[in-house]
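Down below is the structure, laid out as structure tokens.
Chain naming follows the written order as A, B, C and D, and within any one chain the residues start at number 1.
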Amino acid sequence: MSNHTFRIVLDCPDQVGIVTRVGEVITNNGGWITEAAHHSDEDSNWFFSRIEVKADSLPFGAKELKSKLESLRDELSLNLEVLDTAQPKRVVLMASKGSHCLSDLLDRWKSGDLECDIPCVISNHDDMRSLVEWYGIPFFHVPIKADNKQAGFDEVERLIMEHEADCVVLARYMQIIPETLCQKLKHKVINIHHSFLPSFIGAKPYHQAARRGVKLIGATCHYVTEELDEGPIIDQDVTHVSHRETIEDLVRRGKDVEKTVLARGLRAHLEDRVLVHGNKTIVFN
Amino acid sequence: MSNHTFRIVLDCPDQVGIVTRVGEVITNNGGWITEAAHHSDEDSNWFFSRIEVKADSLPFGAKELKSKLESLRDELSLNLEVLDTAQPKRVVLMASKGSHCLSDLLDRWKSGDLECDIPCVISNHDDMRSLVEWYGIPFFHVPIKADNKQAGFDEVERLIMEHEADCVVLARYMQIIPETLCQKLKHKVINIHHSFLPSFIGAKPYHQAARRGVKLIGATCHYVTEELDEGPIIDQDVTHVSHRETIEDLVRRGKDVEKTVLARGLRAHLEDRVLVHGNKTIVFN
Amino acid sequence: MSNHTFRIVLDCPDQVGIVTRVGEVITNNGGWITEAAHHSDEDSNWFFSRIEVKADSLPFGAKELKSKLESLRDELSLNLEVLDTAQPKRVVLMASKGSHCLSDLLDRWKSGDLECDIPCVISNHDDMRSLVEWYGIPFFHVPIKADNKQAGFDEVERLIMEHEADCVVLARYMQIIPETLCQKLKHKVINIHHSFLPSFIGAKPYHQAARRGVKLIGATCHYVTEELDEGPIIDQDVTHVSHRETIEDLVRRGKDVEKTVLARGLRAHLEDRVLVHGNKTIVFN
Amino acid sequence: MSNHTFRIVLDCPDQVGIVTRVGEVITNNGGWITEAAHHSDEDSNWFFSRIEVKADSLPFGAKELKSKLESLRDELSLNLEVLDTAQPKRVVLMASKGSHCLSDLLDRWKSGDLECDIPCVISNHDDMRSLVEWYGIPFFHVPIKADNKQAGFDEVERLIMEHEADCVVLARYMQIIPETLCQKLKHKVINIHHSFLPSFIGAKPYHQAARRGVKLIGATCHYVTEELDEGPIIDQDVTHVSHRETIEDLVRRGKDVEKTVLARGLRAHLEDRVLVHGNKTIVFN
């Protein structure tokens, strides 16, 4: 199990000695650091760190490692998490009728390229059921009705909780998540927006792009917050387009960017490389 | 002079026979087409074309070629231009204190990589004088004073006219061009905006970008119109940035994109590859 | 059927009047050109053209259009094809155990983003059968045995012929196609090679890339010829990699480039945008 | 001087406790870490680290910091360097007739975007003298004669030594550096090669690229070693090209990639982000 590691992810007010204090806890217990990155943000005077330690170099598990590090919590005002790569995150996918992101993620997962469990897929349409079930994953059709969205989202929330999701991915799920659910799942819901935010916030970004005559279209992977399309950005990318391309072409071309950026952002999240501070992310890639 | 060509650039309401009618004029006079591109825009039902003809395959010059094509003008409601590559465009550069775009364009020009004449550089600051003069190009310092911008821009206009500019390039010229000048030089003034428009319109786009926590920064080359940052886009590009980068880093990183995109957009313009229709461009690259 | 077009694709020795002669045939029959591109290659003195004509603007079909254009064939020494977009190309996919390219193409096809028919998938392994069959496409398992490859490829050839393939796509099919089959299917077999050719020709390119310590990995979509990895290149792309990435990471990262480039190259081929001349392609994108 | 830092760059056989042992030396002296990155290479079982410490958080300078860290040298078999950002590296530029890389670097330097001193420029041609001197930098014309290259390179070596160069940049210097000089300046000479290595090693890579019909051209920034074009790669990039582009176009298009990649690679080197291990680099970007 040479790739079995514990990941220490922390942030705190910046000060002298953080790296060393944390390092001592690791080293005094024989911990072998395989990768580490630290960042100090000058504007906010805040410190961020991600450290991977070989699991078999320590005489104990992730929980005890965390409890040992907790001794520093008060002193350093730490936000602290210790993740165990032997416990893959549980990712609930949410989709609508469009298949490109969903199909892409499922293929990555089945190929072993996405280290997570997918306990279920939830959709407001039934179209993708048989594909999802082909992958051996339970599929729940939860319609969101215009006249009673709350009922639908109550069921969505129930399913997310029941499946003990660590993370929810909106793989082109076309509904707006209610505020209360956003708050309950803070920094746990990942969305792919089909524009290079903050360009073209809101509906039909490809139509907006065509109208403006842009020469690039893009996609943005971000954490969902109460404010639509305003959450912390994890990753973005763009592709060149020309005058020849119709709106249908832009939509099709955009799909390629969307699925690539979503997969990349999700991977960073699954590898615990993304720390959120205010409305920004630190991504230790 | 095997690369000496005439470039026919035209647009008109779409209909049957345009390519052939124009082609007949060329062929009946022995014209040898080296490159051609046609585009029909479905939404506006408009047709665009760019055709290069070997100059020495015709028994006459660009003017006579144009007058022969003019016979079709009424019939087809043509907008028509015929350009002669033996007559390089006259490009007036306008700059401020920043050197990156100006220095880049001057080096390209001196290396023979930018086919144009540069009759002069105009700046509202004197900083770049000696570099410009090192390149053997006249430099005019025209201050734009907050309490009398019009006087400055009157002088700018006079210089542009005196130097018979075909095209004006705002190479990070930090002043807003007055409406009347924009109208007089319609589709002849090229600007480089330091963001991926329509993101971050207006002042200090890198500060806006840092605040939003974007993972890409960009630049946009566009024709200047009366509405700030709203003119037809010629080219755009972006580069990835990370949490580590401060605003100063973004500014520095952005310079690379700005100068690359400006040079690319200007080249397309100089090669008569850019046709404007409403607020969009057709770029026959 | 406003998008129903005929595509005229031709190449011939360069000379005066080609565009016009062809244009006259189109126009004299009322043909409405929606898009056209011409290219004259100076080195080889050869001319290439691709013209799309609205089908309903002509009083006849693609066959008759072709026969009318054939009148020019001898005179201009034309290589000529006329394609009818109402007759989607028949694309046989060949795959092995890896799913990323296959799954990507199938999703694009089912979403209507890839205009072709897929009469069958052929594989030397049975692993992908149920996924392919989920898409409603016949799957043929044709093992290629080390001691009798010819028998396998005889069956492959029989299936390709039986399914009247216009085009064969090697979607990470890990076998080398025999010379005789390459010759029979000249410019009809598209391969995706997992390196930025001509770097790392042959086996295990990601291992070669890791050994050399490159900072980019890539993929190349090309027509298959008798010489391994030497066929005309249709499209290529790369992605940045870092010291942190192991060979397994490179393989995984490379998959993204492979599937994107293959889909892009195949699309260009399906839209009849790719002309082959010697060992190079003209791609009218 | 809030940006004044000391940079600790080290590598050693991997083992438990390196980060912490080094961290203790820093912290026990009040050192404030602003950024740090560690990497453990599994294949070679080697450890790499780069740590930035605020200079004014320590009661002493870079030299004493280094001598304190040297106490660990034997124990950990460290390769160790401590750099002081208040002492900019001295970079000797070498150029030939082409101006694009040289002009680009000089503009960056003058704009304050490249933190280094440039004590002189050496060239085997006199063409760039007046531009270099315009920037206030001494220029040395050292011809390299075909019948006595050694005499030229002796003078080059003398100038490099006399100007106490920390680093030499071959900004499209078209001569091959002699083996003995390569060895004396190991990992201190940075070259920009005009292809995406290992494609098109050796002379006239753009001609090779045109012949192969590639759809991307690139550039590679690498340390010079005795084996031509085989040194450790620092950075690479590419740009798309089309069938329309002649060799002259490729050369021109390539210049943009060359100057961008060289500037990026040099910046990484100047910021002490590049560690060399065997024939590969670790780049802590």
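In the analysis below, a residue touches a chain if its C-beta (ideal position, glycine included) is under 8 Å from a C-beta of that chain, and two chains touch if they have at least 3 such contacts.
All values derive from a computational prediction rather than experimental measurement.
Put simply, the chain farthest from chain B by mean CA position is A. Comparing A-B with the candidates A-D, B-D or C-D, the pair whose contacts agree for more than half of the residue-numbered pairs is C-D. Annotation: 36 Å between the Cα-based centres of chain B and chain C.
Distance between chain centres (mean CA atoms), chain C to chain D: 41 Å.
Counting partners per residue, chain B has 35, 39, 42, 244 as the residues that reach two or more other chains.
Residues of chain B that touch chain A in their complex: 39, 41-42, 196-200, 212-216, 218, 232-238, 242-244, 246, 279-283, 285.
Listing the residues of chain A that touch chain D in their complex gives 2, 14-21, 23-24, 26-27, 30-40, 42, 57.
Interface residues of chain D, counted against chain B in their complex, comprise 35, 98-100, 103-104, 107-108, 110-111, 113, 130-131, 134, 244, 252, 255-256, 260, 263.
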